[in-house]
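I'd like to ask some things about the structure below.
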Amino acid sequence: MFKLSGRKIHNAGLPPGTLVRPESAVAMPAKITLINYDRQQYAEKEISRIEDCFQCKDSPAVSWINIDGLNDIGMIEKLGTHFGIHPLMLEDVLNTAQRPKIDEYEDYLFIVLKMLKYDEENESVDSEQVSLITGKNIVISFQERSGDVFNPIRDRIRKGKGRIREGGADYLAYALIDAIVDNYFIIPEKYGEIIENMEDNLIREPTPEIFQSLHNLKREMIFLRKAVWPLREVISTMIRGESKLIHKTTVLYLRDVYDHTIQVMDSVESSRDLLSGMVDMYMSSMSNRMNEVMKVLTVIATIFIPLTFIVGIYGMNFNYMPELGWKWAYFAVWGVMIFLAGSMVIYFKKRKWL
Amino acid sequence: MFKLSGRKIHNAGLPPGTLVRPESAVAMPAKITLINYDRQQYAEKEISRIEDCFQCKDSPAVSWINIDGLNDIGMIEKLGTHFGIHPLMLEDVLNTAQRPKIDEYEDYLFIVLKMLKYDEENESVDSEQVSLITGKNIVISFQERSGDVFNPIRDRIRKGKGRIREGGADYLAYALIDAIVDNYFIIPEKYGEIIENMEDNLIREPTPEIFQSLHNLKREMIFLRKAVWPLREVISTMIRGESKLIHKTTVLYLRDVYDHTIQVMDSVESSRDLLSGMVDMYMSSMSNRMNEVMKVLTVIATIFIPLTFIVGIYGMNFNYMPELGWKWAYFAVWGVMIFLAGSMVIYFKKRKWL
Amino acid sequence: MFKLSGRKIHNAGLPPGTLVRPESAVAMPAKITLINYDRQQYAEKEISRIEDCFQCKDSPAVSWINIDGLNDIGMIEKLGTHFGIHPLMLEDVLNTAQRPKIDEYEDYLFIVLKMLKYDEENESVDSEQVSLITGKNIVISFQERSGDVFNPIRDRIRKGKGRIREGGADYLAYALIDAIVDNYFIIPEKYGEIIENMEDNLIREPTPEIFQSLHNLKREMIFLRKAVWPLREVISTMIRGESKLIHKTTVLYLRDVYDHTIQVMDSVESSRDLLSGMVDMYMSSMSNRMNEVMKVLTVIATIFIPLTFIVGIYGMNFNYMPELGWKWAYFAVWGVMIFLAGSMVIYFKKRKWL
Amino acid sequence: MFKLSGRKIHNAGLPPGTLVRPESAVAMPAKITLINYDRQQYAEKEISRIEDCFQCKDSPAVSWINIDGLNDIGMIEKLGTHFGIHPLMLEDVLNTAQRPKIDEYEDYLFIVLKMLKYDEENESVDSEQVSLITGKNIVISFQERSGDVFNPIRDRIRKGKGRIREGGADYLAYALIDAIVDNYFIIPEKYGEIIENMEDNLIREPTPEIFQSLHNLKREMIFLRKAVWPLREVISTMIRGESKLIHKTTVLYLRDVYDHTIQVMDSVESSRDLLSGMVDMYMSSMSNRMNEVMKVLTVIATIFIPLTFIVGIYGMNFNYMPELGWKWAYFAVWGVMIFLAGSMVIYFKKRKWL
Amino acid sequence: MFKLSGRKIHNAGLPPGTLVRPESAVAMPAKITLINYDRQQYAEKEISRIEDCFQCKDSPAVSWINIDGLNDIGMIEKLGTHFGIHPLMLEDVLNTAQRPKIDEYEDYLFIVLKMLKYDEENESVDSEQVSLITGKNIVISFQERSGDVFNPIRDRIRKGKGRIREGGADYLAYALIDAIVDNYFIIPEKYGEIIENMEDNLIREPTPEIFQSLHNLKREMIFLRKAVWPLREVISTMIRGESKLIHKTTVLYLRDVYDHTIQVMDSVESSRDLLSGMVDMYMSSMSNRMNEVMKVLTVIATIFIPLTFIVGIYGMNFNYMPELGWKWAYFAVWGVMIFLAGSMVIYFKKRKWL
């Protein structure tokens, strides 16, 4: 589940740009992959020492350095020093509770995104922070854990599918963002199904459990919104094209991702609207049930309380009660009671309480 | 019914511009109609091979290529290549879960719209995506299925009614958008009637079924809004007239469509407002009913419980109960009880519970 | 009552600028009045043939052609042709379901307004569309029916009161708009009274009927808002003064109307806020009533059910029940019961249920 | 109490700039005070004929003409004519239902404000309209009644405290606005106290009366908002400094008033938020009470109804009921009943209903 | 707890720039600390007479004068006079009920912030106003009380950690703001925990006490929002960099604080959303409970009322009641009653009321 606030408290007071290992960091060595390509050639290798990728700084080909795991502060610092990355970027890479944002530095564009994954088991969304540092010929991507949604892109690079080998670093950055946003669509789809199920259940039988999961869903939506909404601004900043790092041809593609982001937001908003409608529905269902319970009670009580009064009368022990001696009195009383009960039943039928 | 999210999941990861047949595509050959006209002459033919319309690229007359059915990817690809249409446009044509949008490319204006049809049977709205690619002398329109709202326009072209034969491709694009928006008016009208009916029913007899359809209607409104709202922006982008493809004279007409869009949105918003008022109404009706049920119970119980107590007293078997021996005691008790019941009835009448 | 959607469906598909008689048009010949004035002189006549006012096109004096009734399409067409009015304007004149708007054409300013009248009988608002076509020396006003709020203006023209005879056509247009907006103030005033009455009634006795009229009032507000809100934009467009048809001196006056529009909107918004507060009030009143009903039931039941139990005990027929034989047992039971009932009454008094 | 709409209906139709005595005007001669000052000297006098202040038009010193009472139309007209004040300003001075606004005329700045006073007795806010006409060396202020919040300013002028004698007419206007806004702070403070009291009462004992005053408070907030909100715009218009009548040095001070206005608005908004939270609280309190009432009823009924049934059994008159003859049967029945009642009490204790 | 309105009433009417001791000021001499540093050297001293820091005005090194306690008006006035600080700034320093704001003066930037501290004991937030006057080489900070969050910064200055000794006064101001904002993160974190606890409790057992603290939390959020929201504007004003006092290099860092502010606001907004969801949850829980109570009552009443009626019948004393004489009648009646009760139990089980 998402957390309300995520900034590490122990960070407060440190000078800006100080690197602090995120609490959630897995105590494992980072996995570094270097992909190097241009129109003609392509190279991919997994490296163990960060220094092994330093030579790509001066290469005219596009380099994509992907780092899984934020545990090794020293390595990240070395990387930053070599490539001239501003310490504030590195601090933000390590602060895994960032909201999506874009910062323009002189030589780099710094982009923070949330990679979302629907966790079928907990019926909730897992979020992993991905930071992209995009330079002239280089994209450095940081992930919290290994496992990502970038395999189709790696494949396209390997096989030279599409425009990717012809594009520059900005196109690669676009492709990575696109892959992340494309995966967002799975989530509203999942929630859409859950909501539809829930609507059916709400009609058939409103239970507190359903209301509980309704509430949880609303909660998820709040946080989903928080993860997707700022993205709009990130991408529109890129489109506005003030950075010289983004080529005009890439802007067309970014516009496409922008549309997708809006579409995801639209779905989230619609879900929110539907969910608040369902709260009303639950409430009305509850009061409907209450109405029915009360009707049963009222019908039973209204029919039998007067009858009980009548039989009570003839249970009195007065010496002089003429009716008691009449021959057919007992049966007459039965007749009266059946008539009374009958007319009440008819009355209730007419009022649709039965 | 509308779907919450519609992007095809299997699209994720493909390079941008890859054409994927939409899931909803009907497995039928596409129907291609070519209409070619200028002030003097007019030609209309249904063609089976896409190549048959290629020559109109260089024709000075306005060409309208209408394609019903998105099944034949190969054909669409050929069309794109011949007319120099950017692959991103073609991808969006095939992605039938787009929200309405406009994209400006160098030689073309790409517009996505939703053609809405009220389905009397399901009391819901059917939506079909229409994409317009507008070039200098050409409009290419893509529809998901055959059957559309463009017949009056075809007629106007055939008979040379109005300005249509004098206008260029931009005027044709306007006319198509206008036809689609004009048909939107039918929907709030329909819903307006349903809402009015529902209001009457809510007053007369609030049932969970009415609440259910109230909820469905709110749902429809959410999605209707989603289909119409972005249109505002689409048209205002066209009006702002930054594209050289749109002539000044057409802008006047676009302003007219813009007003219509606003009017439709206004109706949708008003309906939403009315519907939330009706949720309150339902809730208040429910609690009103409950009040009445409770009043019946309370009146009956309050009248008879004390009476039953009284008759219980004289049913006790104490050896020494002086009243039991009195001659008129029985009738006196009756008198007391009638008096009690009567005064209670008066009391309840005064409190308006009866 | 207002309608949710008003565009005539049979319009859809016609070429833009086609004139269609509005459904609501009264089948009567239109009444045409021509007022012609400048600083020195003044002429007013009712004319029967539209051609009789054609000569005023070239007159340097200000001409005000007022047309009551939209039934005679042919006449309107002739008028349009002679004065060079764009067909889209005429189409909009006839479409009586327009929202207030302003369109700038080359030689004319086209303004659509709603003339509102409070209908005492139905406690609702009547709306009539007024269209103003303002040219250099001419104002053409179209109304749906005869009967309007312009008499004071006619009077001011006749008697030369105020600045009106010195102002141009733009000042006349301002005066007409001002007269319409001034009459808006009557409506929130009326509703304000109704709301205050309703608040008193809600406190004294909440009935479903009051809630029903509360809902109706909310409905009226939705539509009133729809009629007034766009006016703000209409007038601010005029103030911004981009049209050469509006003189600088008139802008001062328009600013005044603008303030009035805002004031009306303010009242409508306040009414809306008050009305939603009143829904809460109604709901709370209802649950209050319920509480009271329940308290009565509970008090009666709680006092008498235990007593009935006690008298039931001594109604048992066991052979050996020692109490039955005791001399004062009957009176002792009475004592116990009175004590019980009394202490309960005290308990309920303390809990403020009585 | 505030009124929903305040424009005088009898105004409608009059030419703009016509002066109409406000309905609320007190039938008393206006009180005119003239204060004349510069750095060196200072003069203050009460005058009875408006002509007595005409000479100050040409004085290089700052003149402050304060007029209490709007009854004397003739006098106001004379004043307007002499100082060249546009009739629209004078009309607005007399229309005491204006919302706060600023209008820039050629030689004057026209500002309308609401002077608010908390009326302890009615626990509501009194509002009086103050209009300021600020010229080059002159400020003319109009008030509805005598009695204002300007005494500290008069004092500062008399004693030459602060910058006031050094500032121009714009500084004086600022000082007057500042005095009015400073007095606004008293109102949210008062309401803050009332709200806190109310919260305590709501927790202890929610009565319809509290809800009623909650509603009244919400109503007051709606109108308070209406009086303060437009002020923001008024002052920010002055700060933007497009008028040559406002000196740069005064802008610093206006920024200060602006901050105060925002602060007051903030308080009003917070109060509104708190009040809607309190509606929820009231509702929940009500349903809580209902729950408790129902629990009492249910506990009593559930304990005694089965017992009454048991004693009913042994009140039957069958000839053959073996238990009736058993020696200790009566006491056994008592035992059973005590056990039953006891276990129910324990059950209810466990469910926390007792 | 926060107060709704905080401006001191006795301020109203005083000339602007008059210094008034804040009510909340502790009657203790102010504690003045002077820190003086540049790249090479560093000096820190506590001074008792304000005159001791006057010489730093002309020092090229950066001076940070921190003043704890606002009791000594005279001292603050002297400080203002010596450093040429506008009286409006000093007035605002003393008005401890300011909302966060930034004002640009000629030589100084005036910033007001709220230092927030979570008070574990009262489960509420303590707020202290911090004012920063930033000049060319000087930062003067005012605090209401001693005790702050600036110790890490003092430490960084002493030890020359990070960039702080190299930056100018603007960097110091940034560092102070950053320290304050960093401490904000603790608060949503705390509230996040409380909210999660509360959610669990709401599900398990909704009590009025929980609702009460829910309401309190909403209240806290309203005021927290009020303290943080304006900060966004403060910092974005600084970033926009129109002031010559803020260097370009500092802007990068300010952008970082800006992001943090947004993140805090996001958390506050999410909490607000969650809290309103929880109000719904509480309400639904309440009505759920009510439903259960009613079901118990209905089940008991519905089973026993008819049975009591039956035993009542055979308690009647008619002379001729054939059943009374039948041998097994008593047991037959038992059989009938057991059957009745049993089928009712089954019926209720089927309706899930048991």
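Chains here go by letter, A, B, C, D and E, matching the order in which they are written, and residues are numbered from 1 within each.
Just so we're on the same page, a contact is a pair of C-beta atoms (placed from the backbone, for glycine too) under 8 Å apart; a residue touches a chain by one contact, two chains touch by 3 or more.
None of the values given here were measured: they were computed from a predicted structure.
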item: For chain A and chain E, chains touching each; value: none
item: Fewest hops from chain A to chain C - one hop per pair of touching chains; value: 2
item: Euclidean distance of C-alpha centroids - chain C vs chain E, Å; value: 42
item: Whole-Å gap between the CA centroids of chain D and chain E; value: 26
item: Residues of chain C whose C-beta touches two or more other chains; value: 283, 287, 290, 294, 297, 301, 305, 308, 312, 315-317, 321
item: Overall pattern in which the protein chains touch one another (line/ring/star/complete/other); value: ring
item: Contact set on chain E toward chain A in their complex; value: 149, 151-153, 156, 161-164, 178-179, 182-183, 185-186, 188-189, 191-192, 195, 199, 203, 252-253, 255-256, 259-260, 262-264, 266-267, 270-271, 273-274, 277-278, 280-281, 283-285, 287-288, 290-291, 294-295, 297-298, 301-302, 305-306, 308-309, 312-313, 315-321, 353
item: Residue numbers on chain B that touch chain A, as the complex places them; value: 3-5, 7, 9, 11-18, 86, 88, 92, 97-99, 101, 103, 105, 205, 208, 211-212, 215, 218-219, 222-223, 226, 279, 282-283, 286-287, 289-290, 293-294, 296-297, 300-301, 304-305, 307-308, 311-312, 314-317, 321, 323-325, 327-330, 333
